[in-house]
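Going by the order they are written in, the chains are A, B, C and D; count residues from 1 in each one.
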Amino acid sequence: MTDQTVHATTVAPAALLRRIPGVTFILVGMIVLFAVGNPRFLSAVNLTNIGLQASLLLMLALPMTLIILTAGLDLSVGALLGLCGVVIAALLVAGWSLPAAVAAAMLVGLVAGAVNGFLVGYLGLPAFVVTLGTMGLCEGLSLVITNGDPIGGFTPVLEAFYRSTLFAVPTPVLVAATLYGLLSLLLYRTRFGNYVFAIGGNKDALHLAGINANLVHMGVYLLCSLTVALSALLLLGRTNSAHPSVAVGMEFEAIAAVVLGGTSFEKGQGWLFGTVLGVLAISVLRNGLNVLSVEPSLQVVCVGLLLIAALLIDRNRKQASRDIA
Amino acid sequence: AGEVIAAFTKNQVDPHFEGVRAGVEQMAKKMGATVRQYVPTKPNNITEGMSQLEDVGVTKPNLVLFMPIDPKAQLPTIKRLIESGTPVLNYNDKAGDAPYLAFVGQDDYKLGYDIAKTLFDHLGGKGNVVILEGIKGSNTGDERKRGFDAALKEYPNIKLLASQPANFQRLLGLQVMENLIQQFSDINGVIAAADASALGAAEALKSAGRGNVPVVSINGVPEAVEAVKNGSLLAIAEFNGFKIGCVATEIGLKAIRGEVVPKRVVIPGAVITKANHTEWLVPYQQRTCPAAAEYVGQ
Amino acid sequence: MTTMDTPAPASARSQPLAPGTLAIVVRLGLIACIGVLLSSLSPGFATTDNLLNILRQASLLFLVASGLTLVIIGGGLDLSIGANLTLCACLSAAAIKSTGQPAAGIVVALGCGALVGLTNGVLINRVKIPPFLATFGMLWVAQGIAYWFMAGQVVYGFSPAFRFFGSGFWLGIPLPIWVMLVTGACGVIFLSRTTIGREVYLMGANEAAAVLSGIPVARRRTLLYVVSGLMAGLAALIYVARLNAAEPGIGEPLLLPAIAAVLVGGTSLFGGSGSLVGTLLGAIILTLIVNALNLLNVSASWHPFVTGVIVVVAVLADAAVNRGARR
Amino acid sequence: MAATPAAETTAPLLRLIDISKSFPGVHALRGVSLEIHAGEVHVILGQNGAGKSSLIKVLCGAYLADGGAVEHEGRRVAIHGPADANAIGVGVIFQEFSLAPYLDIAQNIFLGRERAFAKAGVIDKVAMHAAARDVLAQLGLHYDTRAFAADLGVAQQQMVEIAKALSQNSRILVMDEPTAAISERESERLFEVIARLKQRGVAIVYISHRMKEVVALGDRITVMRDGAVVASYRRDEVSPDVMVGAMIGRSLAGLKRREPVPAGAPVLTVSNLQTARLADISLEVHAGEVVGLAGLVGSGRTEVVRAIFGADPLRTGTIRLNGADFAQRPDRSTRAGLALLPEDRKREGLALPLAVGENATAAALWRLFRRGWFAPAAADKVCRDLIARLNIATPGPAQIVRNLSGGNQQKVVLGKWLAAGSRLFMLDEPTRGVDIGAKTEIYRLIDDLVQDGAAVLVISSELPELIHLCDRAYVMRDYRIVGHLGRDALSEKAILDLAVQQ
């Protein structure tokens, strides 16, 4: 017997191509369609719109990717985003300085992340349930703090920051891009990143490798919540006021974007850049429907069809590639 | 002629906004303009409402009819839209301070005050009432509540048992009322900030065998007017989406066609009771737009 | 065979209370505690009227959550139930309005519910789209169709015969509670006394093993989605009868409370375990809490917060109980 | 037991003293003491559920012992977690795979030890892949280290697992059934490496159910039964029969070839079956026959039985059961009397969180309750009968399957098909990771089945097992059937000649 009997598994460029999620094709298709439908779709102003609208969703979807890679889920991000916004706004109105208010929001994020992370990472409770609970806690706290009333009238600095640009690129887009860069460095070039994939794929293996897997697991939730707390600055800049439940529901869109981008709920399989594509697809769809003035009820149907169609494509390609192999 | 109007409403659930959209369509047709409707896919979603404003800016409509889901949040966006050269008229809900072509709407404070007084007078100036509020932070909701409170001050023998948000919604109105009924055995009257929650509350009262407790509300959508007719609701302060839509469109189009228009048109609202209700039973599609001139100067 | 000297099997009866039973007992205990506490704090609590009121509100929640429970035990998830309910409500209300026949509404509601469920089932089991996404997509589609169909209007005003389903009483007990009891009993029998019910647990616990045991998993799971859709349709009828109106905003707000009821009821999202009795208790606990806050005059702002606490406490309690049982 | 360890020449590297460990209802370890010496292979033998894996898990910090102590080079050490075990140089190849599917081979090999390749916190991937290739090369493997573990076959995963343990340069290397999933050729590579490690002074703890390996490798052999050490030997002072006797508490006659039963009518006829990977598969199994499907790991045997059962889609070809066509769908196959015992019992055979009873009747519900109404008492009775018939070690039908040892889990899977009244049994590695005692019971069961007129198609990577069991065998290579061996032609050499590409 010779070495040839052991098949060396190779990574062909085709494998990389296979990684590109089906939503990419839809994204390209939509861009063409919308551009034909209304030439202004590709105008600088509109691209800025898409960028701005995508950036906040991306801020939630990127850390959500890490969480889903650990075979988890964080339903509390929308409510937490709202809560952190409320906290910052309330403290600013109460006369705190911006850094102090932000620090307080970070603390809130830290606590939320620690609660989620501890219950999921250390106690092994199902993430869906835990974060559904903390979602209620966060939304409830926002309501209690504000008594349901939005808070406005704080420093215009936040709005100015949100509206500022650098080399004609809106700052929020740069912030989201920076987050992407940092997270992809973290995920693909550091030990922590390896452990994220390992937790989703085989947490016991990580534990047996002598790593404090629970701590790493909790760390992912902390990271997510802290990012969300910082994202509250963008939200406040955008809405120029804080609303208790303004972002509730955004978690589902973030999760949808992640999964559209090819990350699966199981086994730590996924791709961070896919999430960018997923977020873009959702943002482009919503923007394009408005730019083409599509009838409101039809818009609602279209969002559903995007999700289903993108996954249909993935499904078919997976089948095709299995046949080839 | 041939202008494109982008008309914003807050949701596809509440028939009040269908009234607005019908009014806009009718007047636009009459004046030779076309309408594009924008409604957030999720009811009253603030960020989505903002994105839609931004996206509409790209299409450069000749006129935007705008009602805020939340004035504080949307004001900066609308200001930028106006700065970029798109004429915007504010209707239905006040949307803060920006160079709008005009504001067309109603006096929510007065509607709240009037309808509360109607109830209190019906109760003979004494008794226990509960309030079902609208969405906090919306101009209509907050102003109406202020009107209720002002009326309460004038009636020392009317006691407010509870004031809870029902968010202009029917199901919430029903559930909040169900619980209030358990909590208080001596409710004599109910004030709701909108028809939908009033109708929900009336159902709750009826199935608890307390159908005789009078309920008042604000709006006057056909369903609620029918309820006035058959006695489920005592009275409604008219907040007429159809008229608002008509007048806003007329004023807006005139403004962009170079006419001088009033900066503020406040449409008066009647108190709809069994005695006068027939006018509001007519479906929106069969109504005829009033002329803006009727309300100018009021 | 007697060749192996394995330790003699101990009797299964010597085992402690099964975790499922224990979970139910814990929940009943919780309800009892809240009940005792409240009746001492608020005289209005322990009245027949109030208890029926709580049960009636819980029954609507239970109806939506019951179909979801079956789906989750079978290893799936259904985020479309709320929107499905909306669509069923709108279509059936229109059917009743235009024909004057409550029967037409029943047919339309159940048909529409089943059809949406079937679509979910096909997307998930034939096309193999993950349940979270497939049903999230269907949520939007059903909601969109409802908006389109209603065109901003409300359908309202039904005959007393139809409204009896929502607001009537039989033997002094509101009809929705009867509906809850009957459907709940059917569900319990389905899960514990039919082979399909047993298969649901097996495929929820390990889909691959279930397939290789000859269980037609795809068909079974499709059936569960259809049942979930039917329950949404049934709930829609009760809602329409109760509200005396249908509008496209009623269903969506029910999704998260329904999921919470299932989870507070102790059904695991991983599939393979859980019960309808648990979901019933979960629905009662969640309703009870809101009722309690109202009776104690706590601002409505606190409702989501307290609900969140209950969800977390319920999972923690289960985890603690399971751990204890394993020791 | 009569056997006593020979006098020691060197001090032990590691001593386990009086280790005990309990799980609810199970006393997995009862005061186990063990000495591990540098440069020696210490084999641990024992039936399924004897406590071997549990002992290993205590040693490597995966389980916390209830009592006992560990001494390393004469000093007491506390093992509270895997990190403590790593600190004294313990590396483990686990019985259950410990790879993360969507990390690549290199990342898996160095999981937890990335620091060696990190510069300012950033991992130097080039260096890491190079190091991974080096480790694999020691095993004679040339995998692309960028491949995800998820894309590897079972055997390849096992080899990566071995590479992972090797790369730790452990002073004490524990292998829990490392050859259960790999072919002879790969096993030989492993044995070469073990020999080299021994020379370097590494202490090796080796668990296997394969007596051949035990004899070939072991310097010292410890036999466990019911959670306790029952005997310890040096290799030169003991024979396989004695070891087996110690394991099961009695002596076992050597493996005799199964007596053939007169074959009946053809039960299964497969002609020209083709799937995405398989080509031109034709075979036939008669009533009263045990037919083998031989071949190296990865030759496509599993795919054949999965395709017949309907678990994987067919391209072309016909499959007949008792002369009739039937739909290739697992539910139809089951009802037609076909049974498939999958190769991976945990992933495909059992619903681990459910009870023995629920699992045992999983494939038989349709048959036991034809009207669809389920009767718990009847199901319970069926399950108790199976427990008795198969001698399954469990407190009762209510026990959660996860808590059973490997061999007993396998019996539950088999029991599933007995309850379903199947007539054609396709058994894919039926004795993988199963101890000798349970193995003989499974053999006897197969014999009972064919005596009773059933037909059996069996896949096994253990050639002696195939030869013992089968009346004849088909041999596969590269997803094709390359030969057929009748009862008289069936030998290890004949199979290998066909299975290995010339």
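Just a few scattered comments:
The criterion applied here is as follows: a residue touches a chain if its C-beta (ideal position, glycine included) is under 8 Å from a C-beta of that chain, and two chains touch if they have at least 3 such contacts.
What you are looking at is a predicted structure, and each value in this text was computed from that prediction instead of being measured.
When the partners of chain B are compared with those of chain D, the chains appearing in both lists are A, C. Averaged C-alpha coordinates put the centre of chain A at 42 Å from the centre of chain D.
Averaged C-alpha coordinates give centres for chain C and chain D that are 42 Å from one another.
Each chain gets one centre point, the mean of its Cα atoms, and the points for chain A and chain B are 36 Å apart.
Contact of a single residue of chain C with at least two other chains is seen at positions 140, 144, 147, 151.
Counting partner chains per residue, chain B shows two or more touched chains at residues 12, 41, 165. All chain pairs in contact, by the document's touch criterion: A-B, A-C, A-D, B-C, C-D.
Residues 119, 123-126, 128-130, 132-141, 143-144, 147-148, 252, 255-256, 259-260, 264-265, 295-308, 311-312, 315 of chain A are the ones touching chain C in the complex.
Interface residues of chain C facing chain D in the complex, by the touch rule stated above, are 1-7, 9-12, 14-15, 18, 192-199, 201-202, 205-206, 208-216, 272-273, 326-327. The part of chain D that touches chain A in the complex is made up of residues 60, 62, 81-83, 85-86, 92, 94, 96-103, 107, 111-115, 118, 121-123, 125, 140-144, 146-147, 149-152, 156, 159, 185-186, 276-277, 296, 298, 500-501. Residue ranges on chain B touching chain C, taken from their complex, read 11-15, 17-18, 21, 41, 43, 162, 164-165, 169-171, 174-176, 178-183, 185, 196, 199-200, 203, 206-208, 221, 223, 226. Of all residues in chain C, those touching chain B in their complex are 44, 47, 49-50, 53, 57, 140, 144, 147, 150-154, 156-157, 167, 239, 242-245, 247-250, 253, 290-291, 294-295, 297, 300.
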